[in-house]
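Below is one structure, written out as structure tokens; the observations come after it.
For clarity, chains are labelled A, B, C and D in written order, and residue numbers in each chain start from 1.
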Amino acid sequence: MINKVVTDADEAIRDIEDGMTLMLGGFGLCGIPENCIKALIRKGTKDLTCISNNAGVDDFGIGLMLQQKQVRKMISSYVGENAEFERQLLSGELEVELIPQGTLATRCMAAGYGMPAIFTPAGVGTEVAEGKEVRNFNGKDYLMEMAFDADFAIVKAWKGDTAGNLIYRSTARNFNPVMAMAGKVTIAEVEELVAVGELDPDSIHTPGIFVHRVFQGNNYEKRIEQRTVTERRL
Amino acid sequence: MALSKEQIAQRISREIRDGYYVNLGIGIPTLVANYIPQGINVVLQSENGLLGMGPFPYEGEEDPDLINAGKQTITTLPGSAIFDSALSFGMIRSQKVNLTILGAMEVSENGDIANWKIPGKMVKGMGGAMDLVASAKNIIVAMQHVNKAGESKLLPECTLPLTGVKCVKKIVTELAVLEVLPAGGFKLLERAPGVSVEEIKNATAGKLIVEGEIPEMVITSVG
Amino acid sequence: MINKVVTDADEAIRDIEDGMTLMLGGFGLCGIPENCIKALIRKGTKDLTCISNNAGVDDFGIGLMLQQKQVRKMISSYVGENAEFERQLLSGELEVELIPQGTLATRCMAAGYGMPAIFTPAGVGTEVAEGKEVRNFNGKDYLMEMAFDADFAIVKAWKGDTAGNLIYRSTARNFNPVMAMAGKVTIAEVEELVAVGELDPDSIHTPGIFVHRVFQGNNYEKRIEQRTVTERRL
Amino acid sequence: MALSKEQIAQRISREIRDGYYVNLGIGIPTLVANYIPQGINVVLQSENGLLGMGPFPYEGEEDPDLINAGKQTITTLPGSAIFDSALSFGMIRSQKVNLTILGAMEVSENGDIANWKIPGKMVKGMGGAMDLVASAKNIIVAMQHVNKAGESKLLPECTLPLTGVKCVKKIVTELAVLEVLPAGGFKLLERAPGVSVEEIKNATAGKLIVEGEIPEMVITSVG
């Protein structure tokens, strides 16, 4: 097997340069590549275009990169509660492209599957359709949406082996598998790095061929954005 | 008496049929889960990648890796399945989800919906709403009939940027249950208890169609 | 959970009618829905269009349906060694549409993902491209291929639960998951039917929402087409 | 001396670099796996849904659920991954497979390949070949230089129905190693041991480009 292991997040992101386009996995703060985000902040890479469903919160996730003004443009479906984000957006420092969540996922998928464009009905008749080709199939209108073109995809998995095979845990899976397939270079940080042979081939979510670098992250905070609980009844 | 949010949710819950896969939006739609009738088997889909969403966890049992599309901590149920975001919207696009329930700022009499953007205000994004409304076979909107200024939100045409066109099938508000007719127009199906047709007429800026006697909703929860 | 269990193959296929279009999972004889094929032969349904990567062999798999002259048209990527198939094809009793394997898989996927058409470079400049729209993206030509429209998808899984969640085993997975997503009605036969809660939600390959009927099959023969072995060295 | 099939496979194996993902077609390409040099880490992709194809199983250990694209019983290796057919061709189309090795009936001097159909004969189908040749960055063809009638299979233009256009990068035959130049033409890189440039010229109907001294291949297997 081909060994994809790098030492740590700093080595994994060593060649991410100013002005590049990155995909970052996660939904809200769930399943985000915490270690690589911190390494990007240490490196101070600037003018990044970030494709990620959300933009973190003020003091966690991509929000930390926004604090350091490393992001020039966000491509997201929902940017949520983030005061610094709002300030930069209103001041014109930050560009934001909001796209439907399914379109975001499917444009990643298109890249991973080598399909240059896909058709989706999402956004037909709305401002999302502006400037896009509309095409009717079987009586229904669809927008033609283009595959993303990202220099790096940065994903977080639960377990990974040295060949880059990945398994995600629960809803921390979200955008991670489709982004893992879509990057020109894909970096995976995992909670547990294991030897080849320890993952069941039938249970692998992302085959190692898509992953260029893998490392075991540390100090995962896994912050909860909306803690909701059921009262215990005695 | 206008319905409470809980009562709107309760009324909507009666639209759910046995064997449905249902996607619930944020806000009132989320409450619908509390009122699903006994004996009705329903599977809740959460577009971040879960089929079979269970209740919130007990305190101390929250799992940061297990959230719903509203980013709330939740649980799975026996028979739950996890999948990635592309597959999630795949099943939405291929119409495997039987019913979508979501909120709205405005609905027009031809079924257009606006629920994501107010010009001049900070826009948070459409999330999965545009995908859901563009693909769902069956969309029920839970909304207030009028805004805080007393202006109708059921309009001849939406004034806000659209989320989707000609997609809303049914609307449940604090005042009424309405069907959006394929040819256009809000057909009044039910009144909230004690609310008159006249009150609903006054609160509806779009074309309201009233045919025959309009029954009162059956609401059992006290709200 | 919604219960998708039916008694057996005969009940599962009860409403498959003459002239319908079926998807049948499997690659060669690996991972084919043996029980449903036998039930289709018992039922005697005719004039079927079968979308399946291969057409079985003379005395197994879809080959058995060909023997009974139940198939009007095969849509496959490779039809292999099958004397009766060849006889019917040459006599004009059977119509065959040969399409690239990846195109076959991706046209299933398009249906499952609600995408009316996809773009693929496979077949550009060949007779496969005849009559199809060619489109250039980033300097490369692609064919526009349409999503399949199948009345039924019939798949074989290793384990399934009563809610229709499926797990496949090894390379018997092949076309089964993409076809399971693509049928208007999807029938799954499984080697082992288990109660909900027995399958790990993270390891499910086909979520139950795509499956309309599931049953535990029996007497799986699992015939091997090309038995190849390594000599044991003492 | 013209090369044996095994020797063709051995020569092709030297094109494989450490860290490559490789798809091997049926026939001579399958034999290449037997000659991968020590110290070179290669992962074999089988388009029916496997990365990390291992050797044939020992007798009695055949698993009918575990086959390769040639429908042969095989094994997995530590680090293998299984996936469905759509994902398999996804990774092929997105060019994650570094090298594709396959057979051909004809190759033209501009890199067109024909390997699936002979008019008038029973056609078995293209399988995954059209997807592979349309997407692969790097395609090596293993073939016989001439057919049984002694006619060249390296042509100005293919006469058989095409599998793909302008895609073949390199050809290894029983007589020679040739590169297909981007501007067209078969550039002779190596001769089989004892085979003269003249013999190769006579066996090549397409434009053959011979520059300088043409070295003999280094072949160590006895064939």
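Note that contacts are C-beta pairs under 8 Å (C-beta built on N, C-alpha and C of every residue); 3 or more make two chains touch, one makes a residue touch a chain.
None of the values given here were measured: they were computed from a predicted structure.
With chains reduced to the mean position of their C-alpha atoms, the one farthest from chain A is D. If you average the Cα atoms of chain B and of chain D, the two centres end up 57 Å apart. Chain A and chain C, compared by their mean Cα positions, are separated by 33 Å.
Chain B and chain C have centres, each the mean of its CA atoms, that are 37 Å apart.
Residue positions of chain A with contacts to 2 or more other chains are 106, 109, 113-115, 120-121, 169-170, 173, 201-202. Residue positions of chain D touching 2 or more other chains: 76, 82-83, 86, 89-90, 92-93, 135. By the contact rule set out at the top, the touching chain pairs are A-B, A-C, A-D, B-C, C-D. For chain C in complex with chain D, the residues that touch the partner chain are 27-31, 53, 76-80, 86, 89-90, 98-106, 108-109, 120-128, 158, 169-178, 205, 222-230, 232.
Against chain D, the residues of chain A that register as touching in their complex are 1-3, 111-115, 161-163, 165, 181, 195-197, 201-202, 204, 207-210.
Interface residues of chain D facing chain C in the complex, by the touch rule stated above, are 46-50, 55-59, 62-74, 76, 82-86, 88-90, 92-93, 112, 122-131, 134-135, 161-166.
If you check the complex, the residues on chain A that touch chain C are 106, 109, 113-121, 137-138, 140, 142, 167-170, 173, 200-203. Chain contact summary for the complex, chain D toward chain A: residues 19, 21, 41-43, 45, 51-52, 76-83, 86-87, 89-97, 135.
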